[in-house]
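Chains here go by letter, A, B, C, D, E and F, matching the order in which they are written, and residues are numbered from 1 within each.
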Amino acid sequence: MAKKASKSNVLAYAPKGSGGAKGMPGSGVPRQDDARVMALDLPAGTLSPAMEAYFKKCEEKLGFVPNVLLAYAFDNAKLEAFAAFYNDLMLAPSGLSKLEREMIAVAVSSQNRCYYCLTAHGAAVRTYSGDPALGELMAMNYRAARLTKKQRAMLDFAVKMTNESFAIEEQDRDALRRVGFSDRDIFDIAAVAGFFNMSNRVASATDMRPNAVYHGQGR
Amino acid sequence: MAKKASKSNVLAYAPKGSGGAKGMPGSGVPRQDDARVMALDLPAGTLSPAMEAYFKKCEEKLGFVPNVLLAYAFDNAKLEAFAAFYNDLMLAPSGLSKLEREMIAVAVSSQNRCYYCLTAHGAAVRTYSGDPALGELMAMNYRAARLTKKQRAMLDFAVKMTNESFAIEEQDRDALRRVGFSDRDIFDIAAVAGFFNMSNRVASATDMRPNAVYHGQGR
Amino acid sequence: MAKKASKSNVLAYAPKGSGGAKGMPGSGVPRQDDARVMALDLPAGTLSPAMEAYFKKCEEKLGFVPNVLLAYAFDNAKLEAFAAFYNDLMLAPSGLSKLEREMIAVAVSSQNRCYYCLTAHGAAVRTYSGDPALGELMAMNYRAARLTKKQRAMLDFAVKMTNESFAIEEQDRDALRRVGFSDRDIFDIAAVAGFFNMSNRVASATDMRPNAVYHGQGR
Amino acid sequence: MAKKASKSNVLAYAPKGSGGAKGMPGSGVPRQDDARVMALDLPAGTLSPAMEAYFKKCEEKLGFVPNVLLAYAFDNAKLEAFAAFYNDLMLAPSGLSKLEREMIAVAVSSQNRCYYCLTAHGAAVRTYSGDPALGELMAMNYRAARLTKKQRAMLDFAVKMTNESFAIEEQDRDALRRVGFSDRDIFDIAAVAGFFNMSNRVASATDMRPNAVYHGQGR
Amino acid sequence: MAKKASKSNVLAYAPKGSGGAKGMPGSGVPRQDDARVMALDLPAGTLSPAMEAYFKKCEEKLGFVPNVLLAYAFDNAKLEAFAAFYNDLMLAPSGLSKLEREMIAVAVSSQNRCYYCLTAHGAAVRTYSGDPALGELMAMNYRAARLTKKQRAMLDFAVKMTNESFAIEEQDRDALRRVGFSDRDIFDIAAVAGFFNMSNRVASATDMRPNAVYHGQGR
Amino acid sequence: MAKKASKSNVLAYAPKGSGGAKGMPGSGVPRQDDARVMALDLPAGTLSPAMEAYFKKCEEKLGFVPNVLLAYAFDNAKLEAFAAFYNDLMLAPSGLSKLEREMIAVAVSSQNRCYYCLTAHGAAVRTYSGDPALGELMAMNYRAARLTKKQRAMLDFAVKMTNESFAIEEQDRDALRRVGFSDRDIFDIAAVAGFFNMSNRVASATDMRPNAVYHGQGR
């Protein structure tokens, strides 16, 4: 049986204890961890049982539902299509590890300066790698990171796709093949880099806000 | 019962009569309508009955299977996720007409200079509008087109999302609201513009080639 | 004996049968093939007998006078200087074929997103080559075209001239020499690429509109 | 009495407990918190008593000497000039609070993608404001932050100075005056934004590495 | 009767007294005033009597033949077309003064960083205006110059044409009309700005060198 | 004993004889050599005896006090910090000659289009080198200059630092080492290029105006 996703997408996860925090008194800068999910005011849609179960699973395993899912919850069909697409991309078997896919996500999001994705996926890089500095480097400047040649080639391709996709040619694919990526791996790199070029833009266009809990993860 | 999608993704739709065309003898420029689907060599996957039926429907209604679908056919799960996402986006009910969604697709693809998408969706704009010049303008420079204020605002937002999504703020959304778009319409504009920023990049990264038949449609 | 060029430059060639076309009823997008030549309202000048004869020749051979010539017709001296410069550039004997000069014209115009020049010279590439896809590729992304090494080097030079002429150095000229261009050929490549960087800008600055007939040529 | 600054600038502060950390076993990504100060190998200079005392004070108050100071320690005169300039800029009385000066530092460093400065000054923003999200927003995309009009105008000016200083004109200064900044405040904004455009570049040019301890501060 | 233009385009005007100058001994930087006209080695063509007379007139009135004319002298037809086009543009009656046309020339050439045109036309601005600083400002940053509103609008239009001609629209033309330019004036602004976008690129593509005498003119 | 630096920073050096110059009568362009030091109105500070002596020395050796020093004179501490930093950078012993440091200054300032620095340091390049054309080339397009390989590599590094410092990596430093620069030289190149990226921006942000006398130096 389907049910409404909370009341509206403007109600979102409230990180424990954030309510009372006020910053240094007198700093004059508003607190940043407001609770809106996005700047568009869309009435909550009716979730299918599958999506209802999915949200419950998020709460159980993560402790919260990622705001991007709440943002799509105004329309169950769009939510399902997004979740299916995303989960295949980031979690299905691939020649790329989950960490590598998250590294692409953050390096791409850095080019597009997407607050939502840098925050959520930066946390994933820190958590998967156990190395806080790696998450920072992906968000700040991947070129300054200590990487294997293969990882560096992967990120160079993803960033070139982001900044001048029209200039990608066979020699760029060959550079990936030379360091050991298969054609299937190349597809996966392209798919992940492509996806975050979409997701970054939708998040910025709607001012999607990351769950505040991400900021502290993996530090 | 599932079956293999032809032999491999390197076999694609051959436009009628293109085989014999040779261009002006002695021009010294190779013919451009080669038959590869993309630059990655991925063995054809096994299609689910649903996808098999979908391809058959494409052949019946369009006369061909769009190469982008053949490109994803190496992995049925990815194909299904892509097709579901795409069809919801471009064909589901929306405050934006199908023509308007295609106009966004082409204006975005023009910024990213994506040969595949400009060709396939340029054809769609020409066909939906019955106006060949409109298709050309979306691909060449949407600012030179004669548009209503509402259409222009829609494309300005989509192009800003494409070129500097990090700079989109509330006043950009308000500009859409002022010309009559609802918050739901804004989501749909963002979703379509976002999608082609993904699709353009995957197509360029894999050198996806449009079915040659698109070139002549709607002229 | 000299005579006035029609009444004003705002009267232009009307493509046969375009008058009645209305697009798909209800698309809500204005038709694009309006008949203004440009956005500046300049009274028609008095044509010299030579220019009068030139316009007549255009009508006989092409079926129309290209709008760019009508745009300059407010001042016979400017029209003559422009026509002489253009005809030497694009039609005089050269190591570059007419098709190659048109390919440069379109690749440059694509960088500058010039509606007039992409339309008029895109038609020329399609017609000279007998290959519609080649015209589209020059307008959309020349890097995606199948070209000989020599043609590719020629376009790379023309596009670098367009986007960062200040960075052209001896090694760029040497790259052309290595694939077989003479110093005279290099001058001609530079002259054609330079010219369209002028012409694109004058066309955009004055909102020059291409004759509608170009859209269908060479399809 | 002067003494040598450790043995060489390649010996730097080792964050407690970082030595043993290895990241998730099998992630295949090298740990990022190496201990080099910068990529240039410069023999340590002889510190003046004043600089010796300054380093000691850093150790006492911060628990470490910031790597940027170690980087300059190859030449006592340069170190003194840098420290004097920096301390006047960031710590002397000003109409701008220390937090505001750090916000400028991070917003500018984000444009220049400087790993050192984003890390060190991002920590300062988090610490001064008591708001971890504010530090992240300055580093990721200041436009997404919730700011007062005055703070926003200050950062817009600093970022325009960073990206197109040649385009700053009287109306830009007037925009600052209108929200309440004095001419002296404008000088200070310009001085801080200018300084980090220097410091970001020197840090990137020499691959200066931030003390690892910064990553965890103010979280 | 026609005659050869000196021996080759590699022989050019030698500024008086430059031969002996050697720069500060030991500076280690080569002298910059070499005598090549351009980097392409093209045999001198046969000048028509009209062009021969034109060169003679240059020598008499200026004391030298501008190198750009020597560069085109390999082909009399091209030289004539260029000279006719140029002289109509810069010297024919116009609502723009000769100084204003030269100001456009230099502001455009500054965007394209063209050494030849900045040198030759910077000299013209200094000479026509009697104000050396004005010539420097056009070459360095026209926005820093003290200009009338009308002159500023003219240069803003020319520079927008140079940097993003595709974005010029009716409101840009209206901005010119509002400060008092006629449609004919707008055409002339566009024509001059367009021309130097050609000429800058041909000069950079061929490494055309300015006559050394220009450096000292109007100081 | 300390004393006030003139009355205010809006009083500056008046170049001999510039007062009467009016430009060509009727040119319609205002004279450019106004006497304001910068666009911010800051009351003159009290100079320390050291700075008073420094200004006196400037007057004796140069004939004027550079306007940048007058601009900082509103605050003696800032003036002293700036002067100490600057003098160490540009005048202290270094593997780079003073001319080379000035060449970096001008090439960087050209990227940032800084009127003040191009004027003041362009004069220094002309004077140190004895070659007016070299000063012009650094300001217009350093790539067009005739340089030794070492000088070219130095400027390439400085300009890359200016335009995309985030992309500098070990291979860029190695390119400097290969042509003979030591690690200490690389630091000095970085320091000078970094400094002018600060100084250019402060000058543009405050509309600092160069002393008019610079225009004629070293011609």
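Please note the rule applied: contacts are C-beta pairs under 8 Å (C-beta built on N, C-alpha and C of every residue); 3 or more make two chains touch, one makes a residue touch a chain.
As the structure is a computational prediction, the values presented were derived from the model and not from experiment.
**Q** Find the pair in A-F, E-F or D-F that has over half of its contact pairs, by residue number, in common with A-B.
**A** Interface equivalent to A-B, from the options A-F, E-F or D-F: D-F.
**Q** Using C-alpha centres only, name the chain that sits farthest from subunit C.
**A** Max centre-to-centre separation from subunit C belongs to D.
**Q** Based only on mean CA positions, could you tell me how far subunit A sits from subunit D in angstrom?
**A** Taking the mean C-alpha position of each chain, the two centres sit 28 Å apart.
**Q** What whole-number Å value describes the gap between the mean CA coordinates of subunit C and subunit E?
**A** The separation of the two C-alpha centroids amounts to 25 Å.
**Q** Counting only Cα atoms for the centres, state how far subunit C is from subunit D in Å.
**A** Those two chain centres are 52 Å apart.
**Q** Any chance you could list the residues of subunit A touching two or more other chains?
**A** If we look for residues of subunit A contacting two or more partner chains, we find 113-114, 141, 166, 169, 204, 207.
**Q** If two chains touch, include that pair; go through all of them.
**A** Contacting pairs: A-B, A-C, A-D, A-F, B-C, B-D, B-E, C-E, C-F, D-E, D-F, E-F.
**Q** Mind listing the subunit F positions that touch subunit A in their complex?
**A** On the subunit F side, the touching residues are 166-167, 169.
**Q** Across the complex, what residues on subunit C touch subunit E?
**A** Where subunit C meets subunit E, its residues are 39-42, 74, 77-78, 80-82, 84-85, 88-89, 92, 112-114, 157, 161-162, 165-166, 168-170, 172-173, 183-184, 186-187, 189-191, 193-195, 197-202, 204-207.
**Q** State the interface residues of subunit D toward subunit B in the complex, per the touch definition above.
**A** Touch residues, subunit D against subunit B: 141, 143.
**Q** Quick check: in the complex, which residue numbers of subunit F touch subunit E?
**A** Subunit F reaches subunit E through residues 21-24, 27-34, 97, 99, 103, 110, 113-115, 118-119, 128-134, 136-137, 139-141, 144-148, 151, 204, 207, 212, 215-216, 219.
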